[in-house]
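In what follows, subunit A forms one complex with subunit B and a second complex with subunit C.
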Partner chain A sequence: MRNKSKDNLYLVIIGCGKVGANVASRASSIGHNVVVIDKDEKAFENLTVEFTGFTIFGDATEKDVLMEAKIDRADYVFVLTEDDNTNFLISMACKYYFAVKKVIARVYEPDNIQLFREYDVEVISPTVLAIDKLSDFVVGDYK
Partner chain B sequence: MKVVIIGGERIAYFLAKSISSKGYRIYVVNKDAQLCEDFARDLKAVIVHGDASKRSVLEQLDIEEEDIIVVLTNKDKENLIITQLAKKIFGVKNIVTLINNPDNIELFNKLGISAAVSTTTMMQRAVENLLFGKELEEFLSLEEGKLAFLKIEIPENSKVIAKKLKDIGLPHDCVVGGILRKGEVIIPHGDTILDIGDILFIIAVPTVQTEIANLLTGEKDAKKI
Partner chain C sequence: MPDFLVVDDERNVRFLIERFLGDESVKIDSFVSAEEALKIFFNNEKKYDLIITDIKLPGKSGLDLIREIRKEGIDIPILIISAYVKPEVISELFKFENVDYLSKPFTKEELISKVKNLLEKPKETFDRLLREANEYIKKGDLNRAEKSIRQMFKFAPSSPAPHYLMYELLKRRGNRELALRHLNAAKALDPNKEKVEKDEK
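Moving on, here comes the complex of A and B:
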């Protein structure tokens, strides 16, 4: 049985780029159960030696692949592909097919953030983060 | 009220052509610049070159709630985000979309897009009907194909003729709900004996469809497939 105590989470990370691979490696190194999905086999090279979880080579926009990852049991799903539209489809499949409670998606296009939030997907936008951070340097009314 | 056709090549063209000939206002949106030029030359429609999965592009279309939106790209992820932007941000009620992966039909339905057309599913039905031959016909499928209603006729040389229903070894995941024999309806039980030309109405899960077909239409001496 999978241990579901709060300090031992089951994480599914979709997209094994620099962000995905680093989060996966770090989470794995502190004892969480991690599954990483990517449709490019080479992407798994981004994982560090600390990673002891599982990798699934497949397209997460396909229901079967999400099922293989036992995504319905995930405490958190991080949807981190480089394409907003892909991330939206995967997030919706997680929510509506597998009833995942916590879906966190990367959204590049600020225009898309509202839509993700409408469907109760938590959003991390590198674009907005950069804009906010840089705006801190700018004195005045830029927001 | 206007009809907005997003994505697609030939389908978009012929759809736009037939709808505009009935006097409706048409907008066609496509990512492909060359295609847009062709459309602009050949269609009576407003042509917009751009990626409709971007909110800024949709904003240029002056979309109103009463408009009809038809989404035809060959990528479900684009169709999904376009339909949801149209629905949630622009409040469009009438949206029709193409679906490429049949697994996604249910997802679109759950997200409020009931007019989701899957050409894959249609082709699949057509091919399956050919595969199973004329004897088997799926005449209804429920819950996105999780339950199938089959109609199957017992051919002349079937090995189940003159056998009791309970003895022919039908799979567990099916029920014979009725038999049509020479125009008479029989509600069968285990002791009902099958005859040539009986038309069986069977409720089954789709995975046993082939097994049922092979069992009922298999010839007397044919080896098990």
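Moving on, here comes the complex of A and C:
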């Protein structure tokens, strides 16, 4: 069942790769307001037919591009570019220039996770997720 | 059920508008270009209650679309939705009556409130002007009153109300002859004229 308070969120997703595009498509199809930013116009081809939202073609490390996305009103920002450093820079801009409450960033390098957390950015790390999952196979009662 | 005409070259945005307004039981015809939309619109202009259009379109722009529709004297409400546009363009847009602007990206609530406003606007504005004109006449500020009355004529050329007000105004200015002409015009347009005639005596 869908949580009532989660109806009509305003989401900004930065990076329209496989993950960003799929999350954007799913979120918009259940009725959220979704804006996707990518600096490669071709990336928007990753969006599925379900996607009903806005696309902004531009570099999210630029303040004007974030402003165009009205990022200050976002309930959540997902920062999903391919590069940890870029993600950090964008997360900081969202958090401390635009005062976005919830910023969630993808972090590949486990050593970087601490840094993001210190600055109050939530982290999702595909590397750590994979390590944990795979470890589960070899260590039965790992945890 | 109101009929809307939507023009946007982005598929996502067309779908978005259809989805956002789908719950409000609105019938939507959407088009990719202004050329297509204009053709359909002029074939059956009475059908539509509101137009929603982007500014940047392939071929004719949204601004061209508004110009062509207003040139024909059609006062249909128009909502412009667009990403960032230059202030010059916005000021150009607001030279037209009955037009509003919503910047992309927008939320469902914003779209619905703009649409509702536009659909209600003509009546609201007319009533407001009527109140204003009455007040100005009472206060004796005849120039301001005349301005409000002129705007009322624009909104509702076939309403007797602005003619009655013009009669009052011109009577006060001492232009008896023109005042009577407005009174006659008002009576001709007014289905309740007997009642008014009684008040006159």
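The working rule: the second predicted complex is superposed on the first by the 133 of 143 C-alpha atoms of A that agree within 3 Å, B and C clash if a C-alpha of one lies under 4 Å from a C-alpha of the other, contacts with A are read in each partner's own complex, and residues count from 1 in each chain.
Keep in mind that, in the parts below, contacts are C-beta pairs under 8 Å (C-beta built on N, C-alpha and C of every residue); 3 or more make two chains touch, one makes a residue touch a chain.
No experiment lies behind these values; they were computed from the predicted model shown.
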Clash-or-fit label for the pair subunit B, subunit C on subunit A: fit
Partner chain in contact with A:Ser135 - subunit B first, subunit C second, else both or neither: neither
Which of subunit B and subunit C A:Thr127 touches, first, second, both or neither: neither
Which of subunit B and subunit C A:Glu68 touches, first, second, both or neither: second
Contacts of A:Thr48 with subunit B and subunit C, given as first, second, both or neither: neither
Which of subunit B and subunit C A:Asn8 touches, first, second, both or neither: second
Between subunit B and subunit C, more extensive residue contact with subunit A: B
First (subunit B), second (subunit C), both or neither touched by A:Val35: second
Subunit B versus subunit C as contact partner of A:Gln114, first or second or both or neither: first
Smallest separation of CA atoms, subunit C relative to subunit B, angstrom: 15
Contact residues of subunit A, present in both the subunit B and the subunit C interface: none
Sites on subunit A touched by subunit B in the complex: 61-64, 83-86, 88-89, 92-93, 96-97, 109, 111-112, 114-115, 118-119
Residues of subunit A that touch subunit C when the two form their complex: 8, 10, 28, 31, 33, 35, 47, 51-56, 68-70
Touching residues (chain side subunit B, partner subunit A) in the complex: 53-56, 75-78, 80-81, 84-85, 88-89, 101, 103-104, 106-107, 110-111
Interfacial residue positions of subunit C with respect to subunit A in the complex: 10, 12-13, 15-16, 19, 83-84, 104-109
